Amino acid sequence: MNAGKPWQEMGLTDDEYRQIVEIMGREPNRVELGMFAVMWSEHCGYKSSRPLLKYFPTSGPRVLQGPGENAGIVDIGDGQALVFKIESHNHPSAIEPYQGAATGVGGIVRDIFTMGARPIALLNSLRFGPLDDDWNRYLFSKVVAGIGDYGNCLGIPTVAGEVYFHPSYKDNPLVNAMCVGLVATDEIARAVAGEVGRPLLLVGARTGRDGIHGATFASEELSAESETRRPAVQVGDPFMEKLLLEACLELIKEDLAAGMQDLGAAGLTSSVAESASRGGRGAVIDVLKVPRREAGMTPYEVMLSESQERMLVVPREGAVKRIQEIFEKWGLEAAVIGHITDDGILRVMEGEEIAGEVPVKALTDLCPVYHRESSQPDYIAEKKNFDLSSIAEAGDYNRILRELLGIHSLSSKEWVYRQYDYQVQTNTVLVPGDADAAVLRIKGTTKGVAVTVDCNSRYCYLDPYQGGMMAVCEAARNLACTGARPLAVTNCLNFGNPEKPGVYWQMEQAIKGMAEAARVLNTPIVSGNVSLYNETRGGEAVLPTPVVGMVGLLPDVTRRVDMALKNEGDVLILLGENRDGIGGSEYLALVHGVEAGTLPEIDPAQESRLIELLLTLAERGKLKSCHDISEGGLAFCLAESCITGGIGAVVDITGLRGRLDGLLFGEGPSRAVASVSRSDVDTVLEMAEKGQVPAVVIGRVEGKRLRLVYGGRTLIDQDVNELSAIWRGAITWAMS
Amino acid sequence: MRFGIVVFPGSNCDADCYHVIDQVLGQPVEYIWHQEKSVRGFDALIIPGGFSYGDYLRTGAIARFSPVMQEVIEFAHRGGLVIGICNGFQILLEAGLLPGAMLRNDSLQFRCGPVNLRVKTRDSAFTRCFEPDEVITLPIAHGEGNYYCDDETLKELIEFDQIALTYCDERGEETPLSNPNGSTANIAGILNRGRNVLGMMPHPERMAEKLLGGEDGLRVFASMLRCFEEGCS
Amino acid sequence: MFLGKVYVTLKKSVLDPQGDTVRKSLHTLGYTQVTDVRIGKYIEVGLDSPTPEDARRELDEMCARLLANPVIEEYRLEIVKDE
Amino acid sequence: MFLGKVYVTLKKSVLDPQGDTVRKSLHTLGYTQVTDVRIGKYIEVGLDSPTPEDARRELDEMCARLLANPVIEEYRLEIVKDE
C-alpha cells in the first residue's frame, strides 16, 4: 500500500509527518512515529475539536477541577466532591459489542478512581439502528450485556441512561459511558510527575497485543477495510479492575502516590508522556521490564498496546515498599519499568538499546490543531422550511398515544436496566424508571446526588444550536424534577467526519448552544470527550449527538421527588409556558413520517426559572410527583406518570391554546407536570407566580384510566394497565 | 452480637452488609479477609454478595478454597450462624455447606429488581421475625441464581423443612411467572439440616432502610440478633 | 510439557438453558436439522509434569477438586504431548 | 443422526482473564506444574443430516454464523455418528 509512507497507514498526513521531522530534526523511527501517530490522533489530540471546546464555560464557585484532568470535580460541601466524566467507546463496540462496551465502562471507571474517588454510579447513553434488524438487535443486546457484566462485577451501580434507535446509527452505534465518583476534597489525587529519579510502576494486567492503534482506529470512519485491519480486540477483565480499584484507593488513602495515571487510549505512550509532561520532566522506560502476556512483542507493540486494566504509579519518596505490599495483598503485580528524568525526553529502551527518543512536550502539546471549514449543510434550510400547517391535525389520539408508548426510543427501558445492578452500594434512592434522574444518598450526610444523561439527537440534527441548548436544559430539568440543583456538566460529542464542512458546522453550532445554556443555567462544563468519524458504511454521518451528563445536589435526600402519581384527588399542575412544538417531534415522525420542522424556541432563562421553582417546591415538600415533558409531549408525560403510579388521571386542557395534536404531543421545552395535594394547590400557584413561571391546574389523579378532555370532547380515554402493558412490553417483545 | 463479614477478592456487597449491621442494626461488626486463618470471637458470619474471583469458572468455585473457608466450615459445624447472600450462597454451595448447585438464569441474562418472596419457615435463626408464609419483597441482582438440586435432595429439603424462601407472586403463589431465574421449586433460599446456615439469592441488606424502599431485609438480621439474645444454639 | 484437555459437560439430567436457547435460535436461522444442543466447557491446561501418567492423574485431581462441580457436571480428559 | 462436537477457543492473542484466574488458583492449591490455562466452550450439537459431509458443512456454517465469534474466537469441529 503505502510502503514508502508508513505514517499514512498510521493515520498521519504528509504535512503532519513533515512537522514531526522538523520537531525531531530527523526522520523518526517506527517506534517514534507510532507514538506520534497515537498522540496526534483525533482521539487523543482533539485536533479538530479543540478550537471549539474553548466556547464552553468551565469555571464556577463549585468547580475544583475543570477539563484537563482525567475527570472534572465539583464541590458538594462538607469536605466532599463529585468526580465525573463521560466517554465514548463507539468504534470498538461496532466491531465487538460485548467487549467494546465492557472495556468502555472499564476505561471511564479508571478515570474516576485515578483521581482518588470511589466510583458511586455509572450511566450510559446508547444509540442503535432500529430493532427490526437482526444485527441491530445483536449489537443492542451485547452492548447492554457488556455494560452490565462489567459494572455489576465491579460493584458500581448503573443507575441511569438513555437508549435511542434511529437508522443513522445502523453501522455505527454510539456507546457512551459515564462514571461518578465521590472523594474527600483533601484526598483528591492529581497527576503530578514527582521528582527526578522516581521510579515508574506499572500495575495490573499484563501487556498484550490488544488494541494496538485503537486511538487512531477511533479517529477513522469505519469501513470494510478497517474491519480487517482493526487491532486485536481488547477483552475486559472486570475482576482485575476491581482489584486495581481497591488497591489504588488504598494507595491514595495512605498518600503513597505522587502521581497516578490510567492506561487508556494510546496505552503506555500516553500515560508516561502525560505523567512526565505535567512536571515538565522526561522519562525513561525499558520495554523489557513491562510484564507481557505474549512472547516476542516489539517495543512498538509494547508502547502502543491498549491492554486494559493497567495503571501507572509514580510513588512518593520511600513509598515503593509499602505500595508493593498493598498490591501484593490484592494479588497484583507491580513492575518498575523506568523512572522520571529531567531532560524532557521520553526515552524508550529495549534493554541496553535505545528504541526511541521523543520530546515529551511534542507528544502532549504540539499536536496540530485544525480550524476546519464550516458551512451550514443544505438540508437545514429545507427541513426548517417544512410547512407544519400542511400536516393534518385530526387523528385518532387514542391510537397515537398507544403507538407512541410502543416506540422503542420512548418505551420503558426496563429490559435494559434490569440487567444492571442498580442497587449495589445501597445508596440508590430513586432507581431507574422511578424518575427523570437517578438519586443516590451520600451515607453519613443528609445529602443526595442526582445524575442523568440526555440528548435529543433529532433536535440536534434539525437545529444543532437549539438542540445543544436543549440537551443541557433537559438534563438540568430532569435533575430539578427530582429536587436536585444542577451543578455541572460532562459531555460526549458524537459526530461524523469533521473534515466535512457540514459536520463541522453541526458540531460548532451544537457546542455553542450547549455553552450558552450551560452559562445561563450556571452549570459549568467540567469534563468530556469527543468521538468523531461516526458514519455509516455509506458515508452518512450519524445524527449529531452531543450527549450531556449532569450531576445535581439535594441538600436533604428525603425530599426527593419521583414521577409516579400517588393518591386519588391529588391535583395536576402544568408548570411552564405551553407551546405546541410539533416541529421535530416524535409525533411528527410517527404519524406523518417526517423528521422536519422548526423546533420550538428554547429560552434557557425561562428554563432556569422553572428549575428554581421546582427546587423551591421540592424543598418545601410540596411535590408529590414531578415529571418533565419531553419526547411524546404532555400526553406521553401523563401516561408515564399514571403507569408508574398505577393510577389514573382526568385532565382537561381546554384552557390551553394551540392545535390539538400540538397540545397533546408537542415537545415544547421548559415544562413539567407536578401532582400536589389539594391543600397545597394555592400555595404552589402563588409560588409559581412569584417565580414567574406560568402554572395551570389541568386535572386530578383519579381512577384507573387516563382521560384527556378538551372543550367537552374526550381526546384520550385509556385504561392505564393497557397503556402500561404496551409501554413496558415494547422492547422486551422486540428482543424475544 | 459480633458479626464478621468475610471479604474475598471481588466481593462487593461487603460494605453494604457492614453498613446495615453497624448503622442500622447497631451491632459490632468486622471484616474478615479471606486469608485469615481464624474466625474466633464472632457470633455470626456473613458471606456477602459480589463476584469473588470474577465468578470465573463457576460462581463461588474458587473462593471456597480460600484459607478462611475452612474456618467458616468448622464454625458452621460447631453450630455458628452463617448467612450467605447471593455470591455468598453460591460459595456455600460450592463449599458443601448447603446441598445443590447454581446454574445460569434461564433467561441467560443478569436480573436486577424487586421480587416477592414467601417465607416458608419461621423455624430458623434467620426467619423468626417473620410471620409464617408471609410475603415479603427483596431485591435480587444475579446472573446465576437458578438453583438446581436432584429430586432426592429436593425431597429431603422439603421433608426437613429446609426451604427458607421461595419466589412467589403478590399473593404468595409460587408460579412459574414469579420465578425470575428458573430455580428448582422456585427456591430462593435454603437452610442446612442444622438450621444454622442460610443461603439466599435476594439481598436483605438492600432492603433494610425505609429510604431505600423497605425494611423486610432488616428483619433477617434482626432475626439473627433475636436468636442470639434469646440464646438459641 | 503436556497439554491437558478437559471437557466439562452438564449432566444429562440437568437442564441446559443456554443450550436450549442456542438450539431455538439455530432453528430460527433455518437449521431445523438440529435436534439438540448442549453447551459445556473446554479447558486447556499446560502441564509441566514428568510423565503423561502423572499429568493425567494430577489433572484428574484438579478436575475433581476445582474444574468441575460433581453436583451438576461430568468431565472427561485427554493428555497430549506438547512441544 | 450425527453428533457434532465444536471446540470454541479464544484466539491466542486474546486475553483470557478467566483462564488466568483459574491458573492462579490452581497454583494456590499447590498445582505449580500448571503453566497455562485457557478456557473455551465445548458444544455438542445433535444433527439430523443425511450424510456426515452435510453435517460437517452445515455445522461449520452454524459456527461461523452463531456458535463462535470470529472477532475473538476460533473453532474446530468433529462429526461422529450418533445412535
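The first chain written gets the first letter, and so on, giving A, B, C and D; residue counts start at 1 in each chain.
FYI, a residue touches a chain if its C-beta (ideal position, glycine included) is under 8 Å from a C-beta of that chain, and two chains touch if they have at least 3 such contacts.
All values reported here derive from a predicted model rather than from experimental measurement.
A comparison of the A-B and B-D interfaces places the larger number of contacting C-beta pairs at A-B.
Centroids of chain C and chain D (each the mean of its C-alpha atoms) stand 9 Å apart.
Averaging C-alpha coordinates per chain places the centre of chain A 41 Å away from that of chain C.
Work out the mean CA point of chain B and of chain D, and you get 34 Å between them.
Looking at chain B, residues 53-54, 56-57, 62, 65 sit in touch with two or more other chains.
Each of the following residues of chain C touches two or more other chains: 66-67.
The residues of chain A that reach two or more other chains are 237, 239-240, 331, listed in rising order. Chain pairs that touch one another are A-B, A-D, B-C, B-D, C-D.
In the complex of the two chains, the chain D residues touching chain B come out as 17-18, 21-22, 25, 28-29, 39. Residues 1, 7-9, 19, 22, 25-26, 29, 31, 33-49, 58, 62, 65-67 of chain C are the ones touching chain D in the complex. Touching chain B in their complex are the following residues of chain A: 145, 148-149, 152-155, 237-240, 242-243, 330-331, 417-426, 428-429, 441, 443, 557-558.
Remark: chain B residues 53-54, 56-57, 62, 65 touch chain D in the complex.
Put simply, chain D touches chain A in their complex at residues 10-17, 20-21, 24, 69, 71-72.
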